[in-house]
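Below are two complexes that have subunit A in common, paired first with subunit B and then with subunit C.
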Partner chain A sequence: MQSTTQNEPIQILLADDDPDDRLFFKDAFEEIKIKTNVQTVNDGVQLMEYLTKEGVTLPQVLFLDLNMPRKTGMDCLKEIKRIDKLKDIAIAIYSTSSSEEDIEETFVSGANVYIKKPSDFNALKKILSEVVTTNLQYQTSGLNRDNFILNL
Partner chain B sequence: MKLYIKYNINAICKKILEEQLDKLDLNYSVTGFGEVDIKENVSNEKLKQLGVGLNDYGIEIVESHKSILVQKIKDAITEMVYLEEKLPTSKISSYLADKIGHSYGYIYNLFSEVTHTSIGNYIILQKTERAKQLMTTTELTFTEIAWKLNYSSVAHFSNQFKNATGITPTAFQRIMNKRRNKVPTPEPSENS
Partner chain C sequence: MNLKAVFTSSFFLKNIFAVSLVVLIFISGVSYKHTINLTDSAELVKHSYEVRIELEHLVSCVFNAESGQRGYIVSHDTVYLHSLYKAREKVDQSFNRLVVLTGDNLKQQSNLDSLHSLIDLRFKYFDHTFKKANARPFNEAALRKSLLHGKKVMDLINVQINKMNILESVNLKERQQKYENEISFTPIFTLILFAFSLLVFIVSYFKINEDLIKLKNANEVLTITTESFKHAEAIGNFSSWQWDLESSILTYSDNQYRLLGCEPQSFKPSIKKFLEFVHPNDIHLIIEGNAEATNEYDANKKPSTSLFRVIRKDGELRYFKSIAKVLTNSRGKKTLIGINMDVTEQHLSNVSLEERNRALEQSNKELASFNHVASHDLQEPLRKIQTFISRIEDKEISSMSSTAKEYFARIHDAASRMRRLIDDLLLFSSATKTEKSFEKTDLNILFEHSKQELAQAIEDKNAIVESTPLPTLNVISFQIQQLFNNLIGNSLKYSKPNEAPMIQVTSEKVLAKDYPVLKTEPYKKYYKISFIDNGLGFEQEYAEKIFILFHRLHHVTEYKGTGIGLAICKKIVENHAGVITAEGFPGVGSVFTVFLPEQ
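Coming up: the complex of A and B.
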């Protein structure tokens, strides 16, 4: 009934102002087993422009850095949750902060995943792969997406 | 006013399947979840129509043998986790092997190959989801939930929940309550 296999590449979008982080992120996705198509934007304003562009392919998972110039990740998160056609995108917060308060606030605001940026490349690969496979389970196994909360 | 509802996905799917199959005048029976037995030869044209009709509901006709087996494994696990009574205490591996009709080694490898996750992880995921559902839609205590899902103790349940989600059951419940009580900020356009 529901599809169990994933042949199409998974659409991923990363919003992060740090060029090094963007590079690591893309490389990490290159090396994991699941096929993905990774796009990146450099800040919150660019992100919102990208998502609301006419005819754009929406990502299945959006990785969102909290600290970005012009518009913060938190502002983007709240804005996305208010827009009907965007509010079902799975959102993974990608941040250097690990304060319990920050984490809980993002979940309450509708984030699905909270990732503390790892310093090690292999750890990053493992985390990204876990996020994508878990999201896939929510997409293909009829689970209730409202309950999708993962803190890594 | 806000209403919080509970629903049964399997009942919904069955109903939709029946409606779509009736539309095409087919002689069928829905044999279990994820399986329909059609008692006649179906033209490719009709099969295509059925596929299109079901697609609107996010239901797909699974074709390949491997996908079907994986779907059966998933269904068996879901069924096991959602049993109204306590989960079977017999060994899960032999339970699944019996139910699917292949050796556990075979289904274990097949499952990992197709889904990129292991059967063990999938069971934990389903149990955690069931726990989340019980936490948000019932008044059951953690002790009652732990018992219902066959954990040996609340501590065991809490640990597995924390390992699977990164947060404690208490934090999960707090977050969900805060989400519900949050007054949604209206879009600026709605004010004008």
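Coming up: the complex of A and C.
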């Protein structure tokens, strides 16, 4: 299931307005024994600026928080899916909320996986490593409502 | 009272009146003619007698002349001559009167002409006789002859007068005969008419009398109805009014005045006067309402209704509801009839009810937003706390003092407890949500799901969980699932520490009347589903309290309960129009019974 060669770090981007969550996220990837390059942005507006900047290295997996100021994760998701250059980025929704409406809407909008932020650091590490080691791009065809939510 | 009968009766009376009028005019005409005839007849008789008297008078004048002549011949005294000439004058006068009297009778006139000639002749013989009597020498034979001629003429005059008298008598008789013929049938005719009129009057009398009795009875009924209506108006706080649309005359019932705070009949009702009582901001409602009620009138149209404020004479503000409709009577006359009701109390209670409803809606919205707060805003900091706890536990716990370790373990427990509370509160608020979808669900499947979800706890405690066959019911399946989870979980949680839990779920169909708790419920048949365990049980006095939100029987440290689980159960059962009860037997076990309606 390893999608990249051992030498090439996996490009990962997190959009989350919460500094604690960004900290957990970075710490978790540092502890996971996978070569990754983790970038973070603080909100939706920053995210879109980052992604549309000239010459930027596009992430292979984008972790997207839904509840962000200025531009919500939902808005970003829809916008990304409209832009040809960006629409193939694997998107993992990374949210505190597990409301039915949010799950339904992000699924319909083309997100690849829905992660409910765990309250245990070890669980977080486990879930993140699972996501990056799964080649999400190739999983879209078999995607369905049941395995959309990633529960550990 | 039948309206049709009254109208029929009045029609009958009209006809009777017309017939009576015609009959009376006819009788008057006949009587008048009869009287005229009588007068005519009297006139005729009088006329005939006048003619006769005048004729007698004429004859007597001629006789006077004759006796004067005789006296003169015997005495040659001129006094006699004087009476003779006077007689001649009277004869002419009398003759003129006769000409006038017989003016209408040609035969009599010709007779009169003959008589005139004879009288002229007679007087010529008088002259002739005088000449013979005065002749010198006196010729006796000539005088005799002249006298004889005179006498003959006199006889002719008598004959002529007799003839005229007879003719006059015949005329009189003829006319009387004719008149008698004319009026002979009048009495019979009058009698018939009289009889007929009498009949008409008698029939009319009885008919009118009958109508009067009916009218009197109707009046009595009407009086009672009116009185009871007045009574009803006073009790029911309503009033009635009629507005004649042709004459614009407005009539109020007594209670209308009272509703306006006035003495009954204390003023003359008019629209203008009424509008003085209406709240200035609501006057347009009355005007529009009246226009709506009267315009484009359609017999099937619903009565127009309006709600408006009225300021009573004593200054109190009242709410009136007015219902009006146009009534058209049999003659096409239109009247707007209406009822005014003082609905102040209802209106105010409606308003406060609406306000309460709004407040309720508001609090429901707040509850929904609380749901969001609980699901997101409260969870987020807690999640972080727990994540930090897990990081410290992983990395730093070994370097902590034993006190710090103990405190830290307590922080860990408190955070976990808070997590359970939030999760349970979310479940509770989802059980409160109003949008629910009922669907046919096999409860056996839900029971199996519960066993799977609680598999770990069942295994840990070596518990036996079994059930008799359960029914298929129309339920909100995720809620009943929650109910099973909570009740079975509850039994597992409060099991005896040294005994394997035994949980039995049984089901049977029961009648509501057999169970006191179901007496006030609307359904007749219920499914009774019991959850029986051999756990700790509880004192029966807590049987109702345990369903109250946050109510707990044990210390937080003893059992990991939040005090929400059974409150959720109660909520779910109530959502299904059911009843949940609990029985506790301390040290023996407990029985939770759920009654769900069959439909």
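To be clear about the criterion, the second predicted complex is superposed on the first by the 129 of 152 C-alpha atoms of A that agree within 3 Å, B and C clash if a C-alpha of one lies under 4 Å from a C-alpha of the other, contacts with A are read in each partner's own complex, and residues count from 1 in each chain.
Criterion: a residue touches a chain if its C-beta (ideal position, glycine included) is under 8 Å from a C-beta of that chain, and two chains touch if they have at least 3 such contacts.
Please read all numbers here as calculations on a predicted model, not as lab measurements.
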Examine A:I149 and indicate which partner it touches, taking first as subunit B and second as subunit C; both and neither are also allowed. first
In this superposed model, does subunit C or subunit B come into contact with more residues of subunit A? B
Could you tell me if A:V45 is touching subunit B, subunit C, both of them or neither one (first, second, both, neither)? neither
Return first, second, both or neither, reflecting whether A:F107 touches subunit B, subunit C, both chains, or no partner chain. first
With both complexes overlaid on chain A, does A:L86 touch subunit B (first), subunit C (second), both or neither? neither
Which residues of subunit B touch subunit A in their complex? 9, 13, 33-34, 58-60, 62, 64, 66-67, 70-71, 74, 78, 114-117, 122, 125-126, 129, 132-133, 136, 165-167, 171-172, 174-176, 178-179, 182, 184-185, 187
Which of the residues in subunit C end up touching subunit A in this complex? 375-376, 379-380, 382-384, 386-387, 390-391, 394, 419
Which of the residues in subunit A come into contact with subunit B in the complex? 1-6, 33-34, 78, 82-83, 104, 107-108, 110, 114, 133-134, 136-137, 140-144, 147, 149-152
Which residues of subunit A touch subunit C once you look at their complex with the stated criterion? 18, 20-21, 24, 27, 67, 96-99, 117-122, 124
